[in-house]
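Presented below are the structures under discussion, each in the form of structure tokens.
Consider the two complexes below, in which chain A is the common component and chain B and chain C are the respective partners.
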Partner chain A sequence: MNIDLIFKIAGIGIVVGILHTVLAKVGKEEYGYIVTLAGVVVVLTMVLTLISRLFDNVKTIFQLY
Partner chain B sequence: MFLIKLFACLVVILTSSGLGFSYSRLYDKRLNNIIIFQYCIQILETEVVYAANPLPDALNEVYNKGNKKVSYVFSEICKYLLNNKKSDVYDGFLHIVSELKESLCFNKQDIEIILSFGRSLGISNRIDQEKYFKVIQMQLKGQQKEAEEEKAKSGKMYKSLGVLIGFGIVLALY
Partner chain C sequence: MEILQIVGIGIVATILSVILRQQKPEFAIQVSIVTGLIIFIFVISKLNYVIEVLNNLAKRIDMDLIYFTTILKVIGVAYIAEFGSQIARDAGEGAIASKIELGGKILIMVLAVPVLTSLLDLIIKIIP
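Then we have the complex of A and B:
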């Protein structure tokens, strides 16, 4: 497990948060929501492998094969 | 390897920031050009209403006296009028529409105002012409105000958007 990924996700979160604020301030809330959604998708693709590994581990621990 | 990565990140951030800044500069340009165009219209009014010059001479005079960044469109109209003796002033204005749109960054509304002015220029007596000049000056004032608001709002937005998207790409790909 590397810590870098957490910092990366935190960075993306900050940037997306600022983007949302900027867009909301100039009255383009709909684009703000799209940006937030895109950020969520990007982060999800990053952690997808980790989540699938977690499920695999859970399955092995409880012997659900 | 680390240095190459750092360099690539810098390139991405600088490029997207540059894009944002250049896009926001379009709003700056439009505002400046509208203001200069108003001065040109004032010069044209003096030439037509008070000096009573014929239109091609008046347009040429506007080109000579006005800021060349914008006033060159008047010399274009002048050339068009001198080269096409059978067409009217409105055709001359239609001739510069693409120039107004691409080089001067005017939007559809600005161009429509200028075209409707072109339709009424040089077809009636001096008192009527004076009224047309007053109308276009008022309309351009309104456009100037709108351009100022747009610049304050969208110009700033595109600047910060460029920088932030650059950082976002770098963070997502690093």
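Then we have the complex of A and C:
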């Protein structure tokens, strides 16, 4: 049970939030949205591996083939 | 004491999620998804043992194995559907959550059809 992923996602979220705020203050709103999108995609790739592991586990244990 | 670990993870993840929700709600949802996944993957190893015991019990009383596997499949489908619909509802998409639940119910009904037919067969056999 490794809970590193929770902290990783929270860290990425906080950093993206700060970057968004800074970019909005500078006047580059459009870059702020790109940063948010990139952060979401990176986090989603990390989450997807875990989701596929859960589905594999459920399939093997409950004999869903 | 595994329950302390689970509760600790839940509290930490809740705090992180609440912090993130004001700035970036999309990351808060990801945190809650990952927390659910980690807790379930942790618990499923314990569940494995219980299911093995039940399987042995079902073999010992010489029950038809198809009923037991059907029950297991229903539980698995129900859990996965519940997981998906909870995530969708957490993100504020009640309509998608209801659709996921509907899909889960229909798939469970499809899985339960063989049991229903065998029940009907039994009833027909009993009635002269």
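Side notes on the structure shown:
The rule is short, and it goes like this: the second predicted complex is superposed on the first by the 63 of 65 C-alpha atoms of A that agree within 3 Å, B and C clash if a C-alpha of one lies under 4 Å from a C-alpha of the other, contacts with A are read in each partner's own complex, and residues count from 1 in each chain.
One rule holds for everything that comes next: a contact is a pair of C-beta atoms (placed from the backbone, for glycine too) under 8 Å apart; a residue touches a chain by one contact, two chains touch by 3 or more.
Please read these numbers as outputs of a predicted model, since none were measured by experiment.
Of the two partner chains, chain B is the only one that A:19 touches; chain C does not reach it. When both complexes are overlaid on chain A, the residue A:63 reaches chain C alone and has no touch with chain B. After overlaying the two complexes on the shared chain, residue contacts for A:42 are found with chain B alone; chain C is out of touch. Look at A:34: by the touch rule set out above, it reaches neither chain B nor chain C. By the touch criterion stated above, A:3 is placed in contact with chain C alone, chain B being left untouched. Between chain B and chain C, more residues of chain A are touched by C.
Contacts of A:55 after superposition on the shared chain: chain C is touched, whereas chain B is not. When both complexes are aligned on chain A by C-alpha atoms, chain A residues 12, 16, 39 touch chain B in the first and chain C in the second.
Here chain B touches chain A in the complex through residues 153-154, 156-157, 160-161, 164-165, 167-168, 171-172, 174, going by the rule given at the top. Only residues 1-3, 5-7, 9-10, 12-14, 16-17, 20-21, 36, 39-40, 43-44, 47, 50-51, 53-55, 57-59, 61-64 of chain A touch chain C when the two sit together in their complex.
The residues of chain A lying in touch with chain B in their complex are 8, 11-12, 15-16, 18-19, 22-23, 25-28, 39, 42.
Within the complex formed with chain A, the chain C residues making contact are 5, 9, 12-13, 16-17, 19-20, 23-24, 26-28, 30-31, 33-35, 37-38, 40-42, 44, 47-48, 51, 69, 72-73, 75-77, 79-80, 83.
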